[in-house]
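What follows is a pair of complexes built around chain A, which joins chain B in one and chain C in the other.
So, the complex of A and B:
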């Protein structure tokens, strides 16, 4: 039963990915007859003939001279070779190279945010669940209502203002030589950590609170289960019940929520990277947007969506394979 | 007439609730500020001739100081910024409620192909990161005020539709719907007259909550410089503050004012939404004190509904399983 479900789930993910690829191909083509027009909008001082020539060159260069259907096939063919297209930047670099250059820097931020947020968040959540209704719990509640309403970029600006400019504890925005002068030495790594401190801090506040809330609810849900009552009735120690019965079983939903939170984390990071001028995919994406570099934008979108699909798939499968309670299929 | 009476009854109930009263007052103040912005604001931030000394700290004349680069009165900008935030937030919130409830009811009640199609769309929208998608769409479609609202609605209906669908799957099997079916009522009649009213509490609540969410999203978009370029909005004020050197010259008022504006607006709408859910969902009243708020912040209500659904395992494998589900055994201690 389970293996059938796993296969079904994988096939469904592939289907979703295929639809996302198709959307990615067609979104830049909305509203224009000729994609070359979108890629090179008419300039003010250009005569009709000049513009026609430029469009002709663009068509040739980016493969728009064939039918839309053929372009779509070429796009798919390119994707299967790992080719996300060619950027409009001078020198026509491959999109995949531009992304790979920035990817590690983005991951530095998102992975450390996730790790710190998860550790502290789970800790807070467990405390709040154990002390249900007391001040610890109330505090988490108040913090979460406030945090949901506070935009992360505002938090980032405040942090940059006080810790960066006023107190000078951390760099208020990213050192522009950080990337170019990076070597694998402790000094260099410490410099990255120093520059990453404020961006990570501004994202981690929100992520701590959302993980804490998730954990709290999961722990309380498990505490209400019958088997916890049974364990109490058997006379097991409070500590044993808490760690062996409650905590272990409440970790699964938390792992699953990780998969779902990735998409939000990456989306939110675009703004934070912009605030601190961090050299990641978010700023790359915004730069691509400002210069109408569609292949680059769509390449980043595709990568992020593919990543999310994969993360959701993995967490779903882990959940199904690990949790004995989940039975799949129509067993009634 | 009946509608108006029901509406005033609803507001009255909100008013008699302590948290609801605070939310109502805050939202009404925001609306009044937005409507009467030209009368409240001491200066017209759009008027170039009314610009004064640059970079003034808060004083009796300029309550929140002036900007460093243009010398605009920040309090007046704040007051005018309420308009963009409220109009984008509330309009999108209302449209999302309409689109989401119609599609959710259709998916749940008609089922079959319509249901599959809509839920596949929801699944696909879930995996595409929202903010980048909004940015791409504003790039392709333009950054006009109404286009931005349209994009928010197009991307925002999925969550509500999914929730309403699960509620409809429960309502569908209730006796009064069965009775209507037996009496020969048409599908559309049942959907509009019998099912839709049953989801109204969710719809009203989600209007307030999604308005709040859209306000944050709009602020983020204008912060990135991708909102309507002609309007004064809180997000754009923050962006100008950053690029105009507010951080460098210690002009804290320029950062705090729009940030707190966003916070207050979002917070009051959220509070209203939470109280509405609490009023509509009597089960929440039984839990004491602060949990009411907590329970509404997470999606536990939605999960309750999901748990009671027949095809839970089709959508819900990734969700935390709670006890009482019909399709999975809870024999963990065995």
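So, the complex of A and C:
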């Protein structure tokens, strides 16, 4: 029964990904007669014949000279080899290379934010739930009210100003040679950590609070469930009730929100990366958008949606491990 | 008969925004050794709060509990700390809840949930506990107990789940079991089987039973002594036979008249007029007087005391019905 569910989920994810690939290919082509014009908009000082020649060359170079269906098949063929196309940038770099160059730097920020946020957040949430109504709980409530009104880029600006410029504890914005001079030495790693400190701090505050709030609410909801009273009536120790009965059941909604946030890991934090001049996926996407670099945008979008689908699949599969009831709906 | 439980003057109050909710008002309860006592009343009359107070399971805050004595198996447990209560709960007194679906942890196998009893109170290893669990499930009449122990609650039927709760409650052979509406969530045929099992286990294990229910047919089939509760107060106490043959309190009479009977189809199905008073706005005098056919001016002014009205009987009424007619 369980393996049937798992296989069904995997097939479903593959289907969704196929739809995404197709949409990703066709949407940028809606309303465009000639993709070459996107690449090379007409310029004033150019004669009609010159422009036609340039467009012809461009079409050949990027494979726009064949029919749209043929292009789609070529695109699929390319994908199967891991080729996401060629960027419109000077020198025509491969999209996949541009992405792979930036991805690790985005992951540095997002994974550390998630891990720190999750650990501290769940801990705070459990404490707030256990000390419900006391100062620990009130503090969390007040903090989350404040954080709702404070967007992360504002926190970023404040941190950058005080910790960066005024006190000089951490670099106010990223050292431009950090990426180019990176080697696997402790010194280099320490430098990355130093540069990442402020961006991570600006994002982690919100992350801690949202995980803490989610955990607190889940734990309180589960604490009011009948089976917790049963556990109490069995004479179980407080700790056993908390860890074996309450915590495991409250992890279910947290796994969901974790799964949702995993998909955001590679998207890059566009605004935060801009504020700290961090060369990650966010800045890459912004650059692609500003220069009409369609192949690059398509590549990033495909990666994002693929990762989201994967994250949801993983969440669903983790659910099967955590909650035996998950497959029930499937049987009927 | 040496009583296993002597509850004296239990009061439970919930302060709320709409005023004080006096859930339980001065309730005394005696349960003898191997006796089955039923606590009967409509929903909201305080019977669940009373039964949970016996196990000291009512959270305070929000509740405020005052009690003169909870004498259990020869000692007063009213001032026991959380650790001491943990030792008693499950081991010497245990509870069976109404809805087995929500009362069992959905992400743990039922076997593991019963194992917990043995591991906590008898210090058994995982393996030894499981052996006892399987034996308990077998005793309670669950087919294929070894396989069933590895099932999750949602994989069992309602009757099976209730049996799991029974097995759990009887696991450590407690002196007292409190069953809070143990059969209400089941359909009638399963209800009868589960009740039969409960009664059989209670007799076999020599356990006392406090049965909380609103179902008079359940009471008639297994109780020895009955307490009738109305709006937080005990209104009548009697041995089960006496109660059914000669109810004394008008409320008890009303309850019995409201039970549909197969034998007289033509008789109209009666009901007690009005509704249970809101617990924060209880009427003056006798709480039942607005719904009572026999109420007089005295009933409106003063709460009648619980007085002895026969052998082992007590009633809280100025005008109790007697065998010889109305006084």
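Just a few scattered comments:
The criterion applied here is as follows: the second predicted complex is superposed on the first by the 319 of 332 C-alpha atoms of A that agree within 3 Å, B and C clash if a C-alpha of one lies under 4 Å from a C-alpha of the other, contacts with A are read in each partner's own complex, and residues count from 1 in each chain.
Keep in mind that, in the parts below, contacts are C-beta pairs under 8 Å (C-beta built on N, C-alpha and C of every residue); 3 or more make two chains touch, one makes a residue touch a chain.
On a predicted model such as this, the values are computed, not experimentally measured, just so you know.
With both structures placed on the common chain, the touch criterion links A:27 to chain B but leaves chain C unconnected. Touch criterion met: A:226 reaches chain B and chain C at once.
In the superposition on chain A, A:136 makes contact with neither chain B nor chain C. By the touch criterion defined above, A:158 lies against chain B but remains apart from chain C after alignment on the C-alpha atoms of chain A. By the touch criterion defined above, A:249 lies against chain B and chain C together after alignment on the C-alpha atoms of chain A.
In the superposed model, A:320 makes contact with chain B only, not with chain C. Touch criterion not met for A:71: it reaches neither chain B nor chain C.
Number of chain A residues touched is higher for B, counting chain B against chain C. Common to the chain B and chain C contact sets on chain A are residues 225-227, 230-231, 249, 323-325, 328. Put simply, chain A touches chain C in their complex at residues 225-227, 229-238, 240, 244-245, 248-249, 322-325, 328.
By the touch criterion given at the top, residues 9, 16, 19-20, 23, 27-28, 30-31, 38, 133, 137-138, 141, 144-146, 148-151, 153-154, 157-158, 160-161, 164-166, 172, 213-214, 216-218, 221, 224-227, 230-231, 249, 252-253, 256, 259-260, 263-264, 266-268, 270-271, 274-275, 285-286, 289, 292, 297-298, 300-301, 304-305, 308-309, 312, 315-316, 319-320, 323-329, 331-332 of chain A touch chain B in their complex.
Note for the complex: chain B touches chain A at residues 120, 123-124, 126-133, 135-137, 139-141, 212, 216, 219-220, 223-224, 226, 235, 238, 241-242, 246-248, 250, 252, 255-256, 259, 262-263, 266-267, 270-271, 288-291, 293-294, 297-298, 300, 313, 317-323, 326-333.
Residues 55, 57, 82, 85-91, 94-95, 97, 99, 102-108, 116-117, 120-121, 152, 154-155, 165, 168 of chain C are the ones touching chain A in the complex.
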